[in-house]
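Look at the two complexes coming up: chain A is in both, with chain B in one and chain C in the other.
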Partner chain A sequence: MAYSERVVDHYENPRNIGSLDKNAQDVGTGLVGAPACGDVMKLQIKVNEHGIIEDAKFKTFGCGSAIASSSLITEWVKGKSLDEAATIKNTQIAQHLALPPVKIHCSVLAEDAIKAAVADYRAKQGHKAG
Partner chain B sequence: MDARAPFCHACGTIQPPRAVDHFVRLGVKRQFDVDLRELERQYFGFQRRFHPDRFATKSAEERAFSLQHSTATNEAFETIRSPRRRAEYLLTLLGQPALPADAHTVGDPALLAEVLQLREALDESAEPRAMQRIAQDALARAEDCTRSIAAAFAAGNLAEAGKQTLWLAYLDKLADEIRARGRRPKPGP
Partner chain C sequence: MVENTKKPNIKTPVYLDYQATTPVDPRVLDEMLPYFTEKFGNPHSRSHSFGWEAEEAVETARAQVAHVIGADEKEIVFTSGATESNNLALKGVAQFYKDRKDHVVTVVTEHKCVLDTCRHLEQEGFRVTYLPVAKNGLIDLDQLRDAITDRTAIVSVMGVNNEIGVIQPLKEIGAICRQRGTFFHTDCAQAVGKIPLDVEEMNIDLMSISGHKLYGPKGIGALYVRRKPRVRLRAMIDGGGQERGMRSGTLPTPLCVGLGSACAIAEKYMGTDNERIRRLSDRFYDGITATLPEVFLNGDRAQRYPGNLNLSFAYVEGESLLMGIKDLAVSSGSACTSASLEPSYVLRALGVDEELAHTSIRIGFGRFTTEAEIDYAVELIAGQVKKLRAMSPLWEMVQEGIDLKSINWAEH
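Coming up: the complex of A and B.
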């Protein structure tokens, strides 16, 4: 199967690879996996006091499409509000990367990961307020 | 009567395979605990009866049926032989699949954190001995997992069986990854 140019670009030059401090109050961590292919994806966001995502990092163990999907979504969420980030749909990622049907689940993983990261951040803030 | 009924009992010609589950196909009990030696015995027995070579001189239809039986028998054997595939299959048969058809991802944080940790350790281990340790660790976990699945099925706790099966799926993939690395040398700096 041939990967699209954009997938290859993200795979060879992944953006925002790495980790943020998962215990920090301003960091939300999303951890999701797809057991069917054994992929596991960690996506983290750092949120400023205005509720804007300042930084995003990922670590993905999986195929090229999974790595490209997570790399792309970290680029997209930077500078976005939490609500905006949570509305990113896997279809947008799949379309941008021209993922073939068998790789659509990789973009689902990225969508679920960002949602989980936003939920984790909000849970932390709620906990602090309560 | 034999639910498989592979041969016509009046004229003895081979019939197309019936829609039976893999356990019935191989004539073993529909349960997680499987006697692997009995499974193999059953498999080889059926494989002999359906082997396409035996039908070389028969009609095109009979040859096609024997091939279908052969394929179905192989598929049943491969599914039941693997603890992970057997558990997944059994859970689906029992109407409680480990991962619902509409869900592609799991969010169990404890499971994923451990998987991530194992994958990171594997990524950072350049020397064969460290990799071997991780491989042994993963294998021991997979065996634990298989025992937990058996216990959960025996207790009728399908939710727990499903959870352990997802774990086993990850451990299987990890083992694949380790095997793949053993074959190709790690690229230099």
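Coming up: the complex of A and C.
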């Protein structure tokens, strides 16, 4: 299968690989996918007091397109508010990376991952408030 | 890409996919070439020397093919390859004997062309039993005995598995089939010229042979069809009645010569070739397992052709691994590189966990593989696996002591 240049670039030079402290109050973690399906994404965001995502990290088990999708979304969410981050659509990722139809699910997973991370962060804040 | 991997003085990409196909041995090509040009006759022409010359070459090749499997040359039918041979053996026998017998026994890990042919026979009203395999990839002989009935026309079990390299117990299977009065067909596309085969000793009634898996040309294969006791089959290709009526069509003389020559060379050098390939295989396996934990060999360790290693690199997805080792031509053990996202049916039949099945690649060594290539492959794969594990959330969780099976994954 031929990969687009952007997929290859993200695969060979992934941005923002790593982990944040998942127990920290200002970190939201999204873990989506399943090993049996061949892809699992962990996406973490660190949110400042103004509600802006100031750092994002990922780790991904999956094909090159899955790695590229998660690498790309960490770049995109940095500097965004939570609401803005949650509006990123898989179609934008798929288009940017020129994913073929069989790899669209990788972009869906990345969208799910950021949504899950935002939801996790909000749940933590809700706990603190309540 | 892995940094700092020194590329020794070898040509890349390194070919490590000998189960997919092999290059034509230059000695084989030399034998073939005259039959394209000056010795171009139709081997079925009876009225002039061009025909006689071609016929003699074809018959010499037929004898060479027969010899490597302990058969008589009259028992060899040339075909276009192992796919056609498998079709002819199964459909031909099933249809010829269908008035008395309507049952076929095969194995879930057979090549697609056997399984697909069996599906076709099921649509025609035949009953097919698909034997399971144990975790090591081998069939259970008691289950085979139980599966055979008085209505069983043919049992088809491959010699060497194309995906995982395990060798089925052909001699034992042959003895059971002979005792129960059913024909034994074996797809030996991956086995001929690589492991010792003897149709008499193993009671094999039909055997499929491929040219391009043993350093011969593509587009040629053969089917061994036993004469005593006689196996009869219905031809699939009708025409001039060549190949004793079992396969009409003008024989491609250069390709027949190539297959014969490939068989003769394989037979002559089987001992030394195998010793070399075993050494390379061990060097690769030892090199990988010394560097990386949690690498699993799929299929029986001992009962295998050493030129095929199917390895699962836990917590690293196979396709992403292939992408990082572009300098190696290997095959994904999972079918993820094709459009389907299902892991390999062979690995699933072994009971390999789905998550491990997604982490598999097949590495094939052959006659032209060198030690330097092995060392390069080990270094490249080990480096890339380490890199991908460092970015794998599963690897991280396992390092933290989390049992992956305890997590409620959302299957998608």
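Everything below uses one rule, namely that the second predicted complex is superposed on the first by the 126 of 130 C-alpha atoms of A that agree within 3 Å, B and C clash if a C-alpha of one lies under 4 Å from a C-alpha of the other, contacts with A are read in each partner's own complex, and residues count from 1 in each chain.
Here, a contact is a pair of C-beta atoms (placed from the backbone, for glycine too) under 8 Å apart; a residue touches a chain by one contact, two chains touch by 3 or more.
Given the structure is predicted, the values throughout are model-derived calculations rather than measurements.
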Go through the superposed model and pick first if A:121 touches only chain B, second if only chain C, both, or neither.
neither
Applying the touch criterion given at the start, work out whether A:61 contacts chain B, chain C, both or neither, answering first, second, both or neither.
both
Now for A:31: first (chain B), second (chain C), both, or neither, which partner does it touch?
both
In the superposed arrangement, which partner chain does A:102 touch: chain B (first), chain C (second), both, or neither?
second
Output check: A:76 vs chain B and chain C. Expected answer is one of first, second, both, neither. What do you get?
neither
Of the two partner chains, chain B (first) and chain C (second), which one does A:40 touch, if any: first, second, both, or neither?
both
Greater chain A contact set [chain C / chain B]
C
Which parts of chain A are touched by chain B and by chain C alike?
31-38, 40, 42, 59, 61, 105, 108-109
Where on chain C is chain A touching in the complex?
1, 315-317, 319-320, 323-324, 334, 336-337, 339, 341, 343, 353-355, 358, 390-396, 404, 409-412
Which of the residues in chain B come into contact with chain A in the complex?
98-99, 104-107, 109, 111-113, 115-116, 119-120, 123, 166, 169-170, 172-174, 176-177
Residue set of chain A touching chain B in the complex reads 31-38, 40, 42, 59, 61, 105, 108-109, 112, 116
Give every residue of chain A touching chain C within the complex, in rising order.
1, 3, 8, 11-12, 14, 17, 19, 31-42, 58-64, 66-67, 102, 105, 108-109
